[in-house]
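Since the structure comes first, as structure tokens, the remarks are kept for the end.
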Amino acid sequence: MAAGQAMWSMNKIKVLFFATLRDRTGMKSVELEVPAGMTVQALKDKLSSDYPNLKESMKTILVSVNKEYSFDEAAIPQNAEVALFPPVSGG
Amino acid sequence: MAAGQAMWSMNKIKVLFFATLRDRTGMKSVELEVPAGMTVQALKDKLSSDYPNLKESMKTILVSVNKEYSFDEAAIPQNAEVALFPPVSGG
Amino acid sequence: MMLKMQTIKFPTIFFITEEEINLNDLLAKITLPTTGAAAIFTGMVRGVTSRDDPHETAYLEYEAYVPMAEAKMRQVAEEIRSKWSSVEGIAIVQRVGKLYPQTPTVLIACTAAHRDTGVFEAARYGIDRLKEIVPIWKKEVGPDGEFWVEGEYIPKAGE
Amino acid sequence: MMLKMQTIKFPTIFFITEEEINLNDLLAKITLPTTGAAAIFTGMVRGVTSRDDPHETAYLEYEAYVPMAEAKMRQVAEEIRSKWSSVEGIAIVQRVGKLYPQTPTVLIACTAAHRDTGVFEAARYGIDRLKEIVPIWKKEVGPDGEFWVEGEYIPKAGE
């Protein structure tokens, strides 16, 4: 059943953490299998639950998907490189 | 007679020429003896008469006395370094 | 007088580096035969800060999400070109790693034929945008310990 | 936290030179422990000019009335300080002699603690004033011969 397969199919994604978020998770990156079509918001919820230290960063967290800023409703594509980081402070 | 002496006393001055004015006079500088109290305007008149090539530059000429901009009515002091030049074009 | 028409490609340079920022080299690379003016901004590590929260800084440690940072630097350059068509060359460089007071950390340089066609405003825009959207962070280390400096800007969709 | 109060002399550099203008060196000389931002303007010889009177340039030959030029550069620096008290270091350099296209001829650099306190405006003011009151002239040499470039500004008493 195509519909059933789609519902259950999983995407491989890579998640990178920078600055305070790397400190809070203790990881530079992690590879995950997530449900196809998972939104950015759902990924943030999952990570908050997996890494409770992240919770207090989640309000101001920025997310990029494949090196472009992304937002809560966006679906994360197969093989995406997702990054989580605080507001930038370069210069 | 003090007044008579003052009227006839002469000042030594040095006059520098830059850019177009050096080209027009053919000189980088000249040392002159001029009447004490000579004004910038009087010096310009004298130089126009000594170097007729200078005449057409005289309208837009700039004059400095001892490295400060100076103007027609100013009297030129003893041992002054006077410079004549066109509007500046550095940068 | 006839001027030969030439197709000149305007140079755009952008990179993250751990090396010293060489202003002379970068300026030469964005200077064309038609260039008469350059506005260059550099930021440095302050050892002593007076404004807002006065403090001393031993060093800053910069990190970047390099591929995205370079993509966003390219985007900043494109934004500059779309706003100031007079701009000829653009260089955007961020140095990362451990950087001590009085060290240049970032450079934005824009060149143009003349100084009165927006080249200062373009450089100013460039550093403002870099600080908004280019993913770089710095950790400040000083007598009171170390802490990450967080920016304030939240990019919008399409940025 | 206590900050030691220090009497810091703000550096002011100004000179006429026949040597290459070294941006790295000049920037280092006007960077203090409190400095976080620099705005630098450089002008270059254009080989190809499109605006106004389009023409090509083989080289420019600059000359200066050096002692007065350096005195007027000092005055430009003082004017900058009187208008932007945030400015920390100032460098004003004019290169003279025979200068070819793509060569930096002049530099104005201003440093400050932060970029938003007038440092761009100060550098812009500096180059504008240099072109008004500092006694430097250039002769342009190109395919149509050579001619002196004349400015337009007439200084007023006290300038």
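In this document, chain identifiers A, B, C and D correspond to the written order of the chains, with residue numbering beginning at 1 in each.
Just so it is clear, contacts are C-beta pairs under 8 Å (C-beta built on N, C-alpha and C of every residue); 3 or more make two chains touch, one makes a residue touch a chain.
Everything quoted here is computed from the prediction, not taken from an experiment.
Undergrad: Going by the stated contact rule, which chains contact subunit B and subunit D alike?
TA: none
Undergrad: Please compute the C-alpha centroid of subunit C, do the same for subunit D, then give the distance between them in whole Å.
TA: So the centre of subunit C lies 21 Å away from the centre of subunit D.
Undergrad: Report, in whole Å, the distance between the mean C-alpha point of subunit A and the mean C-alpha point of subunit C.
TA: Measuring from centre to centre gives 28 Å for this pair.
Undergrad: Averaging only over C-alpha atoms, locate the centres of subunit B and subunit C and give their separation in whole Å.
TA: Those two chain centres are 50 Å apart.
Undergrad: Spell out, as numbers or ranges, the residues of subunit C touching 2 or more other chains.
TA: 43, 127
Undergrad: What are the residues of subunit B that contact at least two other chains?
TA: Not one residue of subunit B touches more than one other chain, so the list is empty.
Undergrad: What's the complete list of touching chain pairs for this entry?
TA: A-C, B-D, C-D
Undergrad: Using the touch definition up top, name the residues of subunit B that touch subunit D in the complex.
TA: The contact residues of subunit B facing subunit D are 16, 18-20, 23, 60, 62, 64, 67-69, 71, 83, 85-91.
Undergrad: Name, in rising order, each residue of subunit C that touches subunit D in their complex.
TA: By the definition above, subunit C touches subunit D via 1, 3, 22-24, 27-28, 31-51, 54-56, 101-102, 104, 111, 113-115, 120, 123-124, 127, 143-144.
Undergrad: Which positions of subunit D touch subunit B when the two form their complex?
TA: Listed in rising order, the residues of subunit D that touch subunit B are 43, 62-65, 67-69, 71, 94, 105-106, 127, 130-139, 148-157, 159.
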